[in-house]
Every structure is written in C-alpha cells, then in structure tokens.
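The next part holds the structures, each set out as structure tokens.
Below are two complexes that have chain A in common, paired first with chain B and then with chain C.
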Partner chain A sequence: MNLMTYARRNIFRRRGRTILTVLGVALTILIFSGMRTVVAAWEAGAEEARADRIASRHKNSIVMLLPKRYVDDVRAVPGVDSATYAVWFGSKDPKKRTEFFAGFAVDHESWFQVMDEFELAPAALEEWKRTPNGAVLGDLLAKTLEVKVGDRVTIQSDIYPGDWEFVVKGIYKPLRKTADRNSFIFRWDFLNNDPRGDVMRDQIGWVLSRIKDPTQSAAISKQIDTMFDQRDDQTLTQSERAFQLGWLGMFSSLLKAFDIVTLIILLVMALILANTIAMAVRERTHEYGVLRAIGFQPGHIVGFVLGEALLVGALGGLVGIVFTVLLINGVIGPAVEDGMGAWFPYFRAPFKVIAMAFGAATLAGVLAGAYPAWQASRRKVTDALRRID
Partner chain B sequence: MAPEDKNDGKNDGKNDGKNGNGSIVTLSGITKTFYRGKEPIPVLEGLDLDVPTGSFEALMGPSGSGKSTLLNIIAGLDRPTKGTVKVAGSDLTHMSDGELAKWRSQTIGFVFQSFNLIPVLTAAQNVELPLLLTGLSSAERKKRVATALRVVNLEDRMDHFPRQMSGGQEQRVAIARAIVNDPKIIVADEPTGDLDRKSADDVLHLMEQLNKEFGKTIFMVTHDPAAAERASVQRKLDKGTLV
Partner chain C sequence: MVPIQYNLRSLWVRKVTTIATAAGVALVVFVFGAALMLSAGVQKAMSISGREDTAIVLRDGSEAELPSSFSADLVNIIRDRPEVKQGDGDGAVGEVVLVLTVDVTDGSGISNVMLRGVPPESYRFRPEVKIVSGRMPTPGTNEAIVGKAIVGRFVGVAEGKQFDVRNNRPLKVVGTFSAGGSSYESEVWTDVGVLRDSLGRPSVVSSARVRLNNKNDLQAFRTSLEADKRLGVDVLRETDYYEKQSEQTAGFLQGMGTMFAVLLSFAAMIFASITMNGAVANRTREIGTLRALGFSKLAILTSFLLEAIFLALVGGAVGTALVMVMGLFTFSTMNFQTFSEIVITFTATPEIVFNALFFSLIMGLIGGLAPAIRASRVSPIEAMRA
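Right after this comes the complex of A and B.
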C-alpha cells in the first residue's frame, strides 16, 4: 500500500456516481475531440505543407490577381527550381451533386511537376496537355460527379458566366492523406482564351515555386517580393504553410467560434468533475479528520483529494478517447471524407487532438479538485471529527 | 518499535517521554473558551492535571462537562485558550499545526467511539496507515502490521474490510492502528460506546493488557462506569473542573 492506494480506492466508493461522472467526462471529451478534429482537419493542408514550396500572391489580398508574366520572373530567381501558377475558378455543379468543390485553371505544363503529392498516369497527363478543354479531377470528385476518363462534364462558375464544358482526361489520386481529392483542374490557357475570361485576361491568382534549399525559403521569398516592389502589383511571398493559413484565415470567425465552444465544453467537464469531487469530499469530512488526527498533514489531504480528482478525470479522458477512436475515427471520419471530401479530405482525430483531450480531462480533474482539496485541508481537525454525514 | 516491545519512554531521542516529574501529561491552568458568535462559552476553567507514565486513567463526567475537549487538548488536536500543555516531554503550547500533526503521528495512539476505520481499506491497510508517515520500508511496515494485529488477536482478519467485521473486531483493528506506531500514550474517546457488553469487555481487556503488559499509558474518556472501573485511576470532570 502507498498513499495513492487510498485515493485510488475512493474512486469507486460510490460506484454509480463515479460511472456517471466518468461517462459525463467521456462524452464531453468526445465532443471536444470532435470539434478539435474539425479544426485539425481544416488546417491539415497547412500542417502538412511542403517546406520546399513557397507561394506568391498579390500583396493586398489573396483575391487580387497578378500579371501572368511574373511567373517567368520568379522562375529566373536563383534558388527557384520550378514554378507553376493557378487561378481560382469558383466552380459549381449545375446538377447540384455537390455543394462545393475547388476548381483551378492551372499551367498544364508545370502543375503536376510542382504539385507532386498527386499521382496522375503519364499517358493521362500527356493527353491532357494535348487537349485545351481537358480536365483532370480528383478521384473523389470524379465519383461524386459520376464521370470517368473520356466523359464530358459541364460545370459553372461564380465568376465566369455560362456553362463550361470539359472532357475528362485524367483522374488523379493523392500520394498524401491530407491531399485534396476533390479538385477540378483544367488548363489556364483555355480560360484565358475564352471571351468570358476577358475580365482576367493574362492574369493569375498565385505562383507556386519549388525551391532547391528549404532553409533558403525566407531569403528567396524576400528576393521575389523585392523584385516586384517597384511594379504596379506587389507580391507577398510566403511558405506554403503560411499561404494555406492565409486561405484558412478567411474562415477565422468560424474557427474562433469553435475555440469558444471548445472552452465551454471544458468548463462543463470541469463542473461535472467539481460537483462529484465536492460531494465526495463533503461526505468524507469526518474521515479526513481522522487522518489528520493520526498525523496526516493538510498537504496529504490535498494530495488525496487532488489524486482522486485527477484519476477520475483521467479515467473519463481515457473512456472519451476510446469513444473518439471508435466513433470519430471509425464511423464519422470515413463518412465525412466520403460526403464532404472537398472540405475535409482527411477527417480523423490526430494524435495531438487525442493527447490534448486527455490532457484537458486530467487538467480539468486537477482544477475541479483544487478548491475542495483546499477546503478539506483547512478544516480544523476537531470540527472535522465532529462532522458525521 | 513493535508493540510487544516495552516503551522505553523516549521521544525522538531528545527526551525521556516524561515531563520531568514522572508524569506523561502535565496540564497547568488550562482554560478553554468557545464562542457562539460573540458570546463566550467556558468549557474548561483553570484545570491542572498530571497523568503518571504507565497509568490507565478513566475520565468520566456528564455530557458537556468538557471531557472530549480535555482529551483533544491532551492529544494535540485542540489548543487551550490559556495554560500550558506538556505531553511526553513536549510543550504543545507553541507548536504549529504541522508540528503538532507530526508529533501526534509519533506520540499518540487514537481510539475513537465509532472506530473510524477507512471503509475502502482492509484491516491490514487501516493499521498500516500511520506507518505511511514514517520512512519504514514496505517489508518492515508489513511486519509491524502483523504484530499489531496479533496483539489484538485479529491476524486472521488481515484482509477483511471493515464491513466484513463485527463492531468489536472493528474496534480491535482501530486499537491495532493506535499501537502500530508504538505511541507513548493512547487516548480513547468512549471506546466502548458503540459496542455490546461482550465486545466492550474484550476491548477493555485488551486495553488493560496494553497497559499492564506493554506499559502503555492510556487516557480514556467514558460514560460507562463499568469501563471506568477497569482503569487504575478514575477522574471526574464537572462544569470544566476536575472533582
């Protein structure tokens, strides 16, 4: 036996109450993990961004365009291995089979060379390069739009009027679990040559460059921006991660709301635990008096109460993690990836979320036990011995 | 030191466990006043007491006479409003709460009316509790627990939980817990109050044995005249003074 034996045994003294508390904590941990998984899935692209890629966009805003000729200037910068470009198309499915998917007009010569997290059969790539109105789709999007190589597909745009008809020339697969499998990629020159694209003629949304030495990322970015400093359109060049986070920044209010709800959930969890621990401490006031009488110090009482609170919190956290793995990773995750792959190509609770959930549960336990522990330790021994519940 | 060893009367190796006059407890001019709001309620008034080392004393008196308050002061659980308290060679008057707790763990063995065993711990674990405050190894603790339970004749109930024992057995486990640290004095607050006659006799017999065979000083508060008769000295407290 050691000092923790007493704290450990106390957990199941009121079995029903402890089980309900553990389940309460476990459910809040499940909700917590679910919400953090949404945020983590949202940011996954940025988290797994390549260190050897940098992105240049208009200095003022991501929605403003750059002259297409900038690409050649970027390619000439020392340290830049290759560069490609794209422009946002604002795609819509006229048949409403999906609410949202990403559509880009890209440089067909260099896109897959720089974006090497996608796998496209060499024959399909060659075929696409030969076909001005050819399109390459992510495998999940192809499934949603019910198309295969050789099919014709019509999409619309929020930006460009009318129907846009393409021939599917390839279906790419991801080589990285967080890579987007729901993009619709077609040739920039096709958009540029269409009269409906006049408003943005010879302009591009951003340049993506692969650099030879990732440690030179900041220096090369600065060099690119300095190069365009005196031109009409200045650039902002960032690491791919910062660039992705810039995109996500447009949804920052939503993410902040998630953060606030997450905090409220943690508060609820702490209150559930505090209620249980406060009841247990009140019931054991006399017992703590006995322990103090036989020589245990106030610090020991704090240790017993905090130890018990921490163990209940940790137990709730563990059960919550089991729920998370079974429900989020096993059931909800695959369903989300199938149905909302454009937003969440990879929807599983990552290790950091699980670790955070467990840490939150144990921390909530300690916080919940702090006040009752302090109270129990401060009570006069003779008062505690008089108290019989 | 195991309970079967005679008490050598030493306290932390710094004193002989006596207060210089052969007494283990010396109270001088003890006054204790409680307050209900601002109204003072005197409980003990100018009380003097000497308890000789190795004696078995019973303190009787009507409810509200201050018996438990006096016991708490002797045991270092409460402080007098006025007066000095010397127990087992230590002056408790100016000790901090932490020092008092440490002193209690080394000097006092408690026996309560309602046994006060921890229900989630076995008999052996309950007895081991005070030893967790010492630096003894697990093996040494186990040895002492076994000895203490043998003294109270409950070796075979070592792994039983309190709910699996009778009241008399629970009180004997509580006595084992009180002696496991080899205290200099055992204070007992109505130790037979919750027991039937037969169990009460067993417990009193055990206390006599601890006093006579192991030389333990016992100071017992009781309402029960039959229990008081088993002590070598009977004292009576009435309205805060010894009569």
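Right after this comes the complex of A and C.
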C-alpha cells in the first residue's frame, strides 16, 4: 500500500463529507470559470483584433465628427491599401424587441472590402449598391428584428428624428468568432441626403483603413494624425488592437473589481478544503499516532495528509470543469451570444480559463492541506495516542 | 428547548472550524454587500442630481442629453410657458453636453469626461453647485471649473491647467466645485456660448432644464409642449430622467454582483453543511444524552438549526462590518449612457445592512437544515451505545 492508496481510501471514509466538499469546490470552480469567461469574452475583441487595420476618429471627442473629405486624404497616404468610413446612428427598435443594437451609416462601395471578417453574398452586395435605402443586417440582429431579405424595416434613432425606413438587401454572416453579428448597416449617402441628417451633413464618425504592412501600423497612424494636426478637427489614429484596449481601459476598475472577486472565490474554495482536511486530520489524530508508533516518519504523515488534500482538490476541480463545460459552454454561452451578442459576440470558457481553474483547485488543495499536515506530523506520538476524540 | 449556551460553547470548542466557516460566509456577504453599495452609490449620485420640481426637455426620441440637440431659440419659447417659474432668466436654462477624450493621469490610456456648457443662470438654477477652491469662471470666456470627484484623474483637467475642446480651442480650469455629491461632481462646466462656438454650432443646445412653479405642474407642462409637434421635444421629470440614466449602470453592477454572490452563497451553504454535519457526527453521544434527558426531536432540530444560523450570522456580521469600510472608497466606472466616467462612492444604507445579515441567515438556515434533521433523528439508545 503506497501513500496515494492510503490517501485515496481515506477520502472515502467520510463519503458524505467528501462528496459535499467536492461539490463545494466544483461550485466555486464553476463560478471562477464563469467570472473569468466574462473577462475573457470582454478581452476577446482586443485579442482577435486585426493587425492590418487602423481606425481614425476625432481626437477630442467620440461624438465629434470629421469632414468627409478626410477619407480621400487617408486613402492617398502611402501604405494604406483601402479605407472606408462610417457614422454612428443611435439605433432603436420602435417595437422594442431589443434594447440596443449598433447601427451605422457606411460607405457602401468600400465597407465590406475593408471589413472582410463579414461574409455577404456578392449578389446581395450588388443589390445593396443599387438601392439607396437598402440595409444590410447581421444574422443575429435579423433574427431579433424578424426580417429577411426583401422585407421593409423601420428603425428609429436617438440622434436623428422620426422613423427611418429601409429595405433589407442582405444579411451578413461572421467569418470569425468574435465578429459582430448585431449591426444594422445602411448607406451613408442616404443619411446625408435626408433633411433630418443636418447634424452630420457631409461628416463622418470614423475612417477605417487597411494597411499593406502591419508592422508599419504605428508609423502610418502617426502620419495620418500629423496630416490633420493643423486642422480644426484633429484625428486620433490607432491600431484596431489599441482601439479595443482603450475601450477596455474605460472599464479598468470594473475589471479590477472582477479580479478581487475572483480572489475571494478562490479563498472561499481554499477555506472549504482546509476545513474538511482539518476535520479529517483531527478525527484521525489517534490513527496517525499509531502509524508513527509502528515506524512511519513525520514525512509520511505529511504525505498522507497532503495527498488527501491534493486528491480532493483535484477531484473538485475536475467536477467543476465538467460543470463549466456543460453549463457555460453548453447552456449559458449560446444564450449570452444570442441575447447579449452586442456586448459578447463570443462567450465560451477558453482553454486557458479551464486550465487555470484546475490549477487553482489543485493548488488550493495543497495549500489547504499544508498546515494540518505540518501540525499532524509534528505532534508527539504519545500526545497523539493519548487523544481520543 | 436546549439552552443556546450549549450551542455557543460547542462552536467555541471547535474554534478552527467555526472560524473557517464564518470566514467563508463573511467573504460571500462581503461580495454581496459591496455590489449593493456600489449600485446604491450610482443611484444616490444620480438621484440627488434630479429634483421633483424640475423638468428636462430633450429632442423627441433622444433618451439622454448626449445625443439630443435642438434649436437654442426653443429655450426662450419654453421659458415663457405659464408653468415655468418666472425669475431672472433662470426659469429655463439651455445647456450643451459633450464627452471629451482625455488622457488618464496614471498613463493607462484615454478616457472620456463629461463636459457641460452652461449659461450664467445655471449656477443660480443649481444652488448646490459651490466652488471649493479657485474661483467661478468668468461668463463668456473659455474658463472652466471641474467637479471635485474627478480632480486629478485626467491630464489637464485640474485647476491652473488647460485642455483642448478642439484644436486651438483650449479650456482653462480656474476652479473646483462640489455639487452635494451628485453626478455633476464627475463633470467639467464651462460657458455654453464659448463651447458652442468651439464646436461650430452656435445656435444649438442639447437640453433645457426647467424649474416649475409647482412639481404638480409637470403634466400640464409636458402636455402643452409635446402637443406641439413642430417643437419635436420630449419632457421628463428630472428625477425620472436620472433614475432612467442610472438604471442600466446600477442594474449591471447590482445584477452582476448579486449573481456572483448568490452563486457563491451555494458554496457557503455547502460549507456550513459540512461543518454542521461534522458537529453532529462528533456529538452523537451528546445528542443521545439530551434525548434521553427528555429533550424532544424538535428541540434538537431547533438547537442545531440555531447553531448553524448563529455561525452564519457571526460570519455575516464580520462580512457586513468589513464591507462598511468600503464606504471610504470610491469607484470609477463608465456610465453606459454617457460613455463617460462617473466616480461612485460605495454607499451604505440600513437596507443593505439588513439584506446582508438576512442573506447570511438564509445561508445558515439552508446549510444547517440537513444536518439538523439528521441530528434530530439520532436514536438515543444507539447513540449512547456508540
């Protein structure tokens, strides 16, 4: 009989307690994974950001616009392969089927050329280019708004008054998992030609450029900003990644709060484990005395206790991972992607999180077992044998 | 009934286990309480920004000041309505709202700050706005004052410094103001005319705030304004407006926090269950003795249940006490409606204290139920034999 066998048999001596402990650890692991999945989903945009794309916006405010002619200047910059532009249209569904979706007016000629993570049937694209009041929707949004190609759809805006009517000319699908599937896209010239569009007349919200050499991203960004530095409206050009990171930065204290709660979750897990191990060791004080008396060394006792703690922790970790995969990846993830796709287009526990969860459970087991193990091994044989609890 | 003394002493004998379990409960209660305090903080900052006798006028369909815009002439029309308090031009104030991109002082990147262009009357309109250092801006100049909640957070947005609204259009910060803890303290204020010129949109405002003669006049005021379709405006009571503004952020913080706290509380219940199960197992002989002495099954059940509840309540009290310390801290988050940063103070309310303690009590009750039932089922004869 080796150490591990002893540890393994020990954990089944109090079956009820072991099951509860494993369940408790598994539950904390599930919460831990859930929390880290939120963070991972949040950061997914930055991690998946395209290195060959840069975005220029107004330097001083996200709500201030740029003159439309800036696009032509950007297109002329050496190293810029193609550029497109868009302006925000604060979209609302008059029938309130969704709280929020992104809507913008874009340059129909170049949008899908630059945003190549979306797939739109060539025939639909041609059709859209021929239809001034045509709109293209993400597949998830089309589902929410209950429209298909050829339907009329009315949306409203919190910037531009009244009802806005469009004809659905295409539904795009994502080619990458983090690509947005909830946008409502229509033609910039349609908004610009409407009398109600006077707040944006001949202006655009941002320019998106594809560059030929991703390593030149910083240099080209700087060149663009320098080009407009003496104008009334200066630009702030960033790589898509920097842009996404800047967005995350605004939530930095929220992410910090998440980190603190993650730590608390792990602490609760460690406490549960420590409590169980301490209880078990206490009950077996006499037994450890006997083991010592028949020649086992303090090191053996440490091994017994630590082995048991490690096993319970790992077992809890494994069950927790099963919970995570079944619940988060199987049930919650698809539901979140469906319902909150605008915030979290991709919501699954990544491998990194699962590995971290298992590591944390195992480590917590070792840490939780350390003190009881040390205490049990240090106790004098005579004391241990005297104690009958 | 078994004396409660018995339970307290029993908890004390098993100190390590008791402390570990109580600590577990305390941590869960801490998370729960912190989330509630944060959400209460958002609501407080927003609710004291609004007044019952004040209406806010926005462009029809805009739900917030930021996307809203209408002609500045409208403010004069609005001011002449009979429901509006007549005064020195401060019955209605038209303001321009903007978010500015600024660098964060700690070098972590850029953020957004809310900028409000106000006419001189706005300071009379909102008497709670007071200069805490520096001085008031001179009307008609590019001077600005900064809310005390965000002083020092952003590069250039501090007394004696300046920052750009647009190229070569700087604002000079000449003072710091307080506003009774409201969300205005996370804003920068400057002259409305100068701001409009900088934006190149001289005749537009984002919103108008209107002081009514009486808070009951709102309905009449709304009806008369919204009936005129040419005006194209929406009228909201200011308190309702701010409540709606804080809904999403407060709801998100509270929802997220309570969700994780409730999930975590299941772990704490299991924790309490393990501990109480151990206690029952170790005290089988004692339970048998108590039963033999004539204590009923119900008395035993109650006794162990009370022990579990007491254990959880101790944890709950520690957790609540710890979370109260958070009241000393502020939390800077993005307001989803304005895309700008708002600084929130963790705010304790009697309800939160009650809810946190009640939450821990529930954890003790549910966690202790199964072990208590088990204890009540102990057969006195077999227990004494064991």
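By definition in this document, the second predicted complex is superposed on the first by the 295 of 389 C-alpha atoms of A that agree within 3 Å, B and C clash if a C-alpha of one lies under 4 Å from a C-alpha of the other, contacts with A are read in each partner's own complex, and residues count from 1 in each chain.
We take it that a contact is a pair of C-beta atoms (placed from the backbone, for glycine too) under 8 Å apart; a residue touches a chain by one contact, two chains touch by 3 or more.
Just so it is clear, the model here is predicted, and its values are computed rather than measured.
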item	value
Touching partner for A:Ser157 - first (chain B), second (chain C), both, neither	second
Touched partner set for A:Val353, first chain B, second chain C, both or neither	neither
Which partner, chain B or chain C, touches more chain A residues	C
Touching partner for A:Thr5 - first (chain B), second (chain C), both, neither	first
Contacts of A:Ala40 with chain B and chain C, given as first, second, both or neither	neither
Touched partner set for A:Ser252, first chain B, second chain C, both or neither	second
Residue numbers on chain A that touch chain B, as the complex places them	1-3, 5-6, 9-10, 13, 286-287, 290-298, 381-382, 385, 388
Chain C residues within the chain A interface of the complex	16-17, 20-21, 23-24, 27-28, 30-31, 59-64, 66-69, 98-101, 104, 108-112, 164-168, 199-200, 232, 260, 263-264, 266-268, 270-271, 273-275, 277-278, 282, 331-334, 339, 341
List of chain B residues in touch with chain A within their complex	72, 75, 77-78, 97-98, 101-102, 104-106, 110, 112, 114, 116, 118-121, 125, 128-130, 132-133, 177
Chain A - residues contacting chain C, complex	16-17, 20-21, 23-24, 27-28, 30-31, 34-35, 58-64, 90, 92, 156-159, 161-162, 199, 229-234, 236, 245-246, 249-254, 257, 261, 264-265, 267-269, 271-272, 274-276, 278-279, 283, 389
